[in-house]
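A, B and C are the chain letters, set down in written order, and residue numbers restart from 1 in every chain.
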Amino acid sequence: MISLSFSLAPEALYQLHDVLTCLAKFHDTVAIEAEFDLLRLSVLNSTKTAYSAFVFEADRFFESYSFDMPRASRNARSERFCCQLYLKGLLSVFKGKTGGRDKDTAVERCEVELHERPDQTECRLAIKMICGLGVIRSYKLTYESTTVNHAVFDRTTATNQWTIEPKFLREITDHFSPSAEQLDIYSESGKVIFTSFTTKITDGKEILKKPVHTSVAIDKKDFEYFLAEDNLHIVIFLKDFKAVIAHAESAHSAITARYTRPTRPLQLAYDFGGIKTEFTLMTAGESDLGISDSSHAPELSARQTPAPVNISRASVASNTRDMPAPRARSIRPLTGTPRASARGTETNSQSQRPPPASIQFDSLFVPADDDRQWDVPNEEEEEAAEDRLGWDATGDQVWQIELIC
Amino acid sequence: MADVEPIFSAVSSNAHHLYTLLQCIGFASKATVQLTPDGIRFSAEESRVIQGLAFLDKALFTSYTFNPPTAPNNTSRDSGDDDDSSDTSYHPCFVVSLSALLETLKIFGMNDSSAAGTYKTASVQPSNSSSSNAFTTPALLFDRSCTLQYFRTGSPLGITLSETGVKTTCELTTYEPDGGEVDIPLQRDAIIMKVIMRSAWLHNAIAELGATNPNVLKISASATQEPFFALSGSGGPFSESSVEFSVEQPSQNNGAASQSRKVLTDDGTSRPRAKRVKPAPTVTETFLVSPPSSMGSRIKQDYRFSLIQKASRAMAVANKVSIRNDRQGVLSLQFMIEFDTHGSGGARPSGGALGPIVAFVDFRFVPLLDDEGAAGEEGTGDLD
Amino acid sequence: MRFRTQLSNAATFSKLTASLSSLGKVCWMRLEDGIVRFTIIPDQGTQVWAQLPVDAIFEESNYILEANAGVINLEVPVGALHRALRSAVAATSTQLRLTKKGNVPLLALTIHVSSWTTGSNALGMTDSDHAALARQATTTSRPGPISGPRERETVITQEIPVKVLHESAIEGLHEPRCRDPDVHIILPSLFQLKSISERFTKLATDAKGSATSAVVSPKLELSANMHGSLKLAIATDALRISSVWTDLVNPSLDPGQLSQTEIEQLPSERMRALSGDDEAGWAKVRIDGKDWGRVLSVGRLSPKVVACFIHETALILYVYLPGSSNGEDSCLTYYINSYAA
């Protein structure tokens, strides 16, 4: 029997609520992974361009934490339990600071338990809020077992990095039109320029319906740390960026961004009070030139406003975004076995792969040429999977975002 | 007609009181109004499975005049005059648009933004009802009045709101009751459960359960076995949820915290659990459960959650609630709402004593299940 | 063609565009020497003709206008302009100019905002961390260490696509002409008037319930007399409701413009002669509740509003902005048609 139980103090409940609110901006289900010393909540959005994860440290975040997994269901690689839940259900349980309205029956402790027996078909997560004056609120949430993918991001190879208070970023995004979709970031001499734009295809006659371009330039001095190549344009979805800023602001944590170049992922991260966060976002931009990062920048940036450079590509990307997700809810392996995956799942993966044209602003997880990387081996076969599909096998292709299990 | 004194005329200097009470039953668009010497009774219902009743006691008004008409309108015209006309005085009854009445009352004091939200916030702060009018200072209420008038049978119900510089008059068309408004009967001699507690606890519980969108509210109560009193929601899309009112236990983990907490009884003394004769949930003031033998030791009854939610506004503004169940499963929620006289701009103190004015709003619900109880006498019910 | 200026009053400009955008999506903006005009002519509903002296919103000394006839006519998405102007409200300086990107003419705002920060290095990165990263990076545009409070400057550019209108496109557009009003009166607090109007509109909408007529916005009856009274009313099956304001001011007309005899012959003077409780002394219009609510959103500029009633025909509002040096020159004129009963 797998059993997971932990308890949370009121302060941690509020933090958990903030986390869930943030995750819900990316997708409607969350994956929960329990390990012996941590609990991870992660969400991969439906277009697979954004992966968000919060890791709660067992001994710092929780009042008590215990996770037990019988030997039989373990293997060398993974000693963890994975399941997924609807965020809406979780949010309704952990919603708001209801304790604020009347102190007498405020939540004093929250206990969460999950027991999975092989013979049980119904999967329930039991949550109990022990409140003042003997009031006990309890909830049972249905979960599904699943396997979980993590986005790969190698911080050591990120050549660009900056750190800034989220407040400054929020002040920037406040200037953007609410309907703006994308965000271009680049630096130029002492300034860092954030430009919001939308790449709607507009009829030539309808000039007045063209979206407003907004760019905001702040000083590099506003960053706690800034080290990035000048004139390197990187484009992400504004909505994702805003979701991260909002949470970082509530957590009072400075955000660090790391990236290499367009079409490779950008990661936003910050840690606080026993919680580690990371948001891995796919980027677009003037990319794929195959040139080393330093040579092309000057002439391209000449005196162009940043956005137009990216319009054609990004517009394709926004189409991508509208594509139905291959699987709206669960992130499951495509195929039964890693071996079969190389060839045997052509049809399946075909349907999941976005049209080639959209590669520029692509999924985090769909490499153009190697759909083996889609595959998430089943737990029992993980060991074998590692042998054949190990990290090192793709080591020379670090720029391709992969899933690890 | 102008010379004749109206059947009914009442002046309030605080339309917010009237609004607060009437919005409790604002789930229906129309309400049946009955004028009586002691106050005005507003009742609203829906499909005969939920009924809400708000009584505007005459103590809520600075002046209250009721001249009961001496004969029903149909007899006044064609019946043979005189006789015992003085004995046939009756209490006029008519239907008005409740939503229009509420909207009209909202116009009153629309310029002071703080006043409107006052009651909501005050209610869930259970301990000090007297501070609930802190923002509605009497100074703001000078030069203001709200007058209700009903001239004669068939007249519209007139509401006049006067404020500095502007006077608003609303005439609500009165309709004849279609006779279908039958009270949901509560069998007062067959009450099998009675729980009195702060309304805020019930409000919070229903709000919590409501977050998971259940279809059905289950009430479960037992005098002998845990859980003594529990509300649960089922049929929601994501989860099942329940709120249990248990006996607060000092646990090993945070014993210190629990022990320092005291439950105040009405006389202000603390009530440690050990001294209770019978086990009862810590939040309840009264906890009586006596199921008929056919039920065993536990009362279980189901109601449509969406109906119970219609009483949310009453739960939010009331100080206390009495939750009763009769043998047929009819659920009665009776809410006691206290208005502080300090902020009411000179409302007449009831019974000569200064203090809060107490008003009541009642709800009745028909249970789910096939067991559609009939009969039973009408009960008005009080918190006793 | 050249237009460039510096904003002198971004708050007023922003509120003005907000009020205009509630009535129409596009606005005809006419830049002239000394005067800026904004006109909204929706397909249906109220027209606005606004005229402001340049210095009401721009710095006159920085107002550069070069064009063939001394006039530039633009079609502007007024909602987008308003959104963009919000960035300018707290700015230290804002430049507005007409420019072009590709084939698209733009109104470009360049906004400088200063703020004060207590800057600190919250991450606590050490110098060796910096150095380690610096080695990996291809460029070393690394800022100096941050400490202590300092002023920070943000530069915001907002580019709003506009259309330059040829003179021929606008020569058919003229401000409506109306006969002399029957009643003119200064409106009470627009906030109160708007709240009550909206409540009435809601009452009438609710009363219709689920009926298919819900699409049709209820019509409010607005009437006034020359004895300081204004009345707002609506009636449905379920209710009749009215609010009456009293002791309002019926402004006198400028004696400089009209001779004494001319004044005496004005309809409003005939109305004034009637007694205060004479029904005939009231001029009435029926206006669309929702449109009226949008018109009253001009209250955010806290103006003085004179309402001119042309009985059963039209309502004209003269909205005078406060604070500008030559007050009465800044005027927004709203033309509201009366619906037939």
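Everything that follows uses one rule, which is that contacts are C-beta pairs under 8 Å (C-beta built on N, C-alpha and C of every residue); 3 or more make two chains touch, one makes a residue touch a chain.
To keep track of the chains, here are their UniProt names: A = DNA repair protein rad9; B = Rad1/Rec1/Rad17; C = Checkpoint protein.
None of these values were measured; they are calculated from a predicted model.
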- Task: Sort the chain contact graph into one of these: line, ring, star, complete or other.
- Result: complete
- Message: Counting C-beta pairs in contact, which chain pair has more, B-C or A-C?
- Response: A-C
- Here the gap between subunit A and subunit B, centre to centre from mean Cα coordinates and rounded to Å, is 49
- Item | Euclidean distance of C-alpha centroids - subunit A vs subunit C, Å | 43
- Message: Where in subunit B do residues touch at least two different other chains?
- Response: none
- Task: Mind listing the subunit A positions that touch subunit B in their complex?
- Result: 86, 88-89, 92-93, 95, 98, 101-102, 104-105, 108-109, 132-142
- Contact residues on subunit C for subunit A in the complex? 25-26, 75-77, 80, 83-84, 87, 101, 104-105, 117, 119-123, 125, 130, 133-134, 136-144, 146, 150, 152-163
- Message: For the complex, give me every residue of subunit B touching subunit C.
- Response: 29, 96-97, 99-100, 103-104, 106-107, 110-111, 156, 165-173
- Query: In their complex, what parts of subunit A are in touch with subunit C?
  - Reply: 159-161, 163, 165, 171-172, 175, 177, 187, 189-191, 207-210, 212-230, 254, 256, 293-294, 305, 308
- Task: Give every residue of subunit B touching subunit A within the complex, in rising order.
- Result: 124-126, 200-201, 204-205, 207-208, 211-213, 237-249, 253-254, 257, 261, 263, 281-283
